[in-house]
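Only one structure is covered here, and it is reproduced in the block below.
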Amino acid sequence: MSKATGGRFFEDFRIGQAIVHPTPRTVTAGDAALYQALYGGRFALFSSDEFARGLGLPAAPLDPLLVFHVVFGKTVPDISLNAVANLGYAEWRHLAPVYGGDTLSAVSEVIGLKENSNRMTGVVYVRTTGTNQRGEAVLSYVRWVMVRKRGAAHTAPEAVLPATAAAVAAADLVLPHELNFAGYDLALAGGQALFEDYAAGERIDHLDGMTVEETEAQMATRLYQNTARVHFNPFAREDGRRLVYGGVVMSTVRALTFNGLENAGLLLAVNAGRHVNPYFAGRTLFAWSEVLETADLGACGALRLRTIGTVDHPCIDCPSEGPQVVLDLDYWAAIPKRAS
Amino acid sequence: MSKATGGRFFEDFRIGQAIVHPTPRTVTAGDAALYQALYGGRFALFSSDEFARGLGLPAAPLDPLLVFHVVFGKTVPDISLNAVANLGYAEWRHLAPVYGGDTLSAVSEVIGLKENSNRMTGVVYVRTTGTNQRGEAVLSYVRWVMVRKRGAAHTAPEAVLPATAAAVAAADLVLPHELNFAGYDLALAGGQALFEDYAAGERIDHLDGMTVEETEAQMATRLYQNTARVHFNPFAREDGRRLVYGGVVMSTVRALTFNGLENAGLLLAVNAGRHVNPYFAGRTLFAWSEVLETADLGACGALRLRTIGTVDHPCIDCPSEGPQVVLDLDYWAAIPKRAS
Amino acid sequence: MSKATGGRFFEDFRIGQAIVHPTPRTVTAGDAALYQALYGGRFALFSSDEFARGLGLPAAPLDPLLVFHVVFGKTVPDISLNAVANLGYAEWRHLAPVYGGDTLSAVSEVIGLKENSNRMTGVVYVRTTGTNQRGEAVLSYVRWVMVRKRGAAHTAPEAVLPATAAAVAAADLVLPHELNFAGYDLALAGGQALFEDYAAGERIDHLDGMTVEETEAQMATRLYQNTARVHFNPFAREDGRRLVYGGVVMSTVRALTFNGLENAGLLLAVNAGRHVNPYFAGRTLFAWSEVLETADLGACGALRLRTIGTVDHPCIDCPSEGPQVVLDLDYWAAIPKRAS
């Protein structure tokens, strides 16, 4: 009965350990269509090969969050099958666009370990790199997660806490090298507001609401080959409910931001992300954003945005705390400049 | 808080106004697979590249209704976000087949405006054209929709009512120019009845029933980038229910017609369409059809069909009115001739 | 009202009858993505073009069960629309890999007929062959199913019972001819256990649980163009419930076996399969397997496995009977050898 595995516990991680995650995945137009059907996004860059070619790219790239979910999914069986909580992200950067036909693989390095004082759990920090079939890194991020110990009696290694940046510096953002916003078509993109039109402190209620059903959450999570038990198996939670994968909330909320951020579709980096409250299927997500910072990258601008996702609560009052808040995401997105 | 838009109101439309709809969309084999999974159609022409090649086409075209939904979806944020009711269609013609890899765009021209006597709403008439990446029109239709006014006090323009044909004339139907039914394989198509076997007045109970779930309706509607609030956001309706996009009913009912119309898969035009009653998810759709007219197009025949969709009511009695009727569609479909 | 068909009854079958099933189907990356989203499989061979190329194949083949479902779906309108029960399978062999872009067709030959003593039903045996666009057989299986008679008064033909093998002999298993396990990457495949590590009698609890929702079952079944009424139309069953297509259970359970059979993804043949109890959506599937037999095929090994699927019952106790058991599948899967 020993061939099936139940995942690593805190004691199974070692500083410096490199974990090659199984099941490389060729992403295709089929994945892009499912992503479209699951979230309903409208950013032209990911929707139209023609639009993308007008910007110098060979085809419409996959939505960066789809790339993230596929890479993240690979890490779950190795890193977080026995996780109690997903604590945070840092230094999450997209390093190259991913296209239909590319094959994604992932490797994680253990960069931090710290037992909790209750001796029953510990925090594991990993730096995960997603690569394409040419071995080029397409995504890198640090994640930390609270993982169960096999038991209190087990001795834990000395605590190592990695230093991570509070936010990705604008200078560290990576634009797809072929991207050229010169031919950007505002009418097809669907919004008139460009880099110069946004200012730090500005708030946008994205107005629309989107309900996520259990099936949608499950199909998305399987698409990403994410095997976390709590998303599929009601026997894995005491309350017998299935928890929606936080990435589903992230993608749904991000799709909602189109209304007001039409030209800021290209996610470049995530500075920090917090699943403030669990989200269960059948409830309706809303979103609002605040511009935290703007940065001129030369070829285009970048907006540092804080987007809040709420549940069953339209965002006219821009809530940032409370039981109705499910997501608090701090990220950078590229946006064309008037000059470009 | 002003960058997100809530859509045009009646006062925002002007006769002659041309609206370029955002978010061009490359349709792919992924969309075709989702369409298959959502409706279960069995028309060989859309299912098999080999079958389509046998008829002179380069590959299986996308189902014309999928093309319609994608084009229609683009118009929603610009035309009908503040619609009260979708009133009708006319002069809906498919002008060229669409294949995986094609990119669809849409433009609408405002051709009619009429304020309602209550001064709270008005009817907007648009002619929408869908084009592919070569700028070729693939679809054209007139639609009219009742849209909210910003307020009763606003002055409305003088009423302009467009003249539309009561039905598309057989002479105006457009066949894919490469299509050649000479090699049509009846066994693979699944039905023996050809053009000569159908006569005006004939009725067909399509027998099968199909239930549509909330998730399916949502996934379809997101796939089409249709943002109408009532399909996703229960807060947008007083009864807190989500309304299923009428196009989902249309596609489901059309797929049901395979049983009895196996060789009439290629929709050429819609003369008129009415969503007789709202459809809510979880109920079972049935369908029956009447042959209204037949037309010899030379290279093939065409059937003018009236297909009625009902809910939770098998169609042995061919009902055309009453609360169980949800769809009343009058359309032309191509069908091979014995001679061809 | 006669053009729509209600399917064959027992009296409509004749020994030796060859039935060409309608609606050839081009399978694509879109189908593969949906299959991934519906079942969540992690076998590297079907997930990554690069991994498959490393084994000598031109791309990742479609999961053999997806091929089976598509072929099987074609037969339903012709064979089992009036079925009372799906009784069994034999001599089910996959004969060539299927890739995105291939077009599948199916033909069935009636090889057995036996009226039941109640005179209301009879058992129909067919041998079905699925072929690709080059006319190469990709799948062959015998299936028997209990079908309604038009009436007790109808005379039945003399009983003919086909001889079928109790199991597919190891010598009759067909490996994809280009397949070469020399470059097999264990880290990417996700498991260390190879042919030599499994022994007859060994049992594996696959640990994970997966819930299937009604929508998922419907979408899968439509994807396969399977028209059996009981899966979509609650009016077709006295209890008003929709029965999940048994193939959905099969694919879900097979995906669960990854945990413990990571290197045995390539299904070569099914010796026998039984849907022990009906499965209704919303319940959680679990699985365990027993190694029945091992066979050295030269280029690789093969495991003969018995996999049991259960519902709402984790498999720590390896149940093989009782109301919680829904699937009992006896099959062969290829697995690399240490030497290879």
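The first chain written gets the first letter, and so on, giving A, B and C; residue counts start at 1 in each chain.
By our rule, a residue touches a chain if its C-beta (ideal position, glycine included) is under 8 Å from a C-beta of that chain, and two chains touch if they have at least 3 such contacts.
Small disclaimer: the values here were computed from a predicted structure and weren't measured.
J.: Shared numbers divided by all numbers used: is that above or below half for subunit A and subunit C, i.e. same or different?
T.: Interface between subunit A and subunit C is built from largely different residues.
J.: In steps of 5 degrees, what rotation angle do you get fitting subunit A onto subunit B on the CA atoms?
T.: 120
J.: If you average the CA atoms of subunit A and of subunit C, how many Å lie between those two points?
T.: Here subunit A and subunit C have centroids separated by 36 Å.
J.: Multi-chain contacts in subunit C: which residues touch at least two other chains?
T.: In subunit C, the residues touching two or more other chains are 28-31, 33-34, 100, 213-215.
J.: Within the complex, which stretch of subunit C touches subunit A?
T.: Subunit C reaches subunit A through residues 28-34, 36-44, 47-51, 60, 100, 187-191, 193, 197, 203-211, 213-216, 259-262, 284, 312, 314.
J.: Which residues of subunit B touch subunit A in their complex?
T.: 1, 3-6, 20, 22-26, 28-31, 33-34, 77, 100-101, 103, 105, 133, 213-215, 218-223, 225, 227, 229, 232-236, 242
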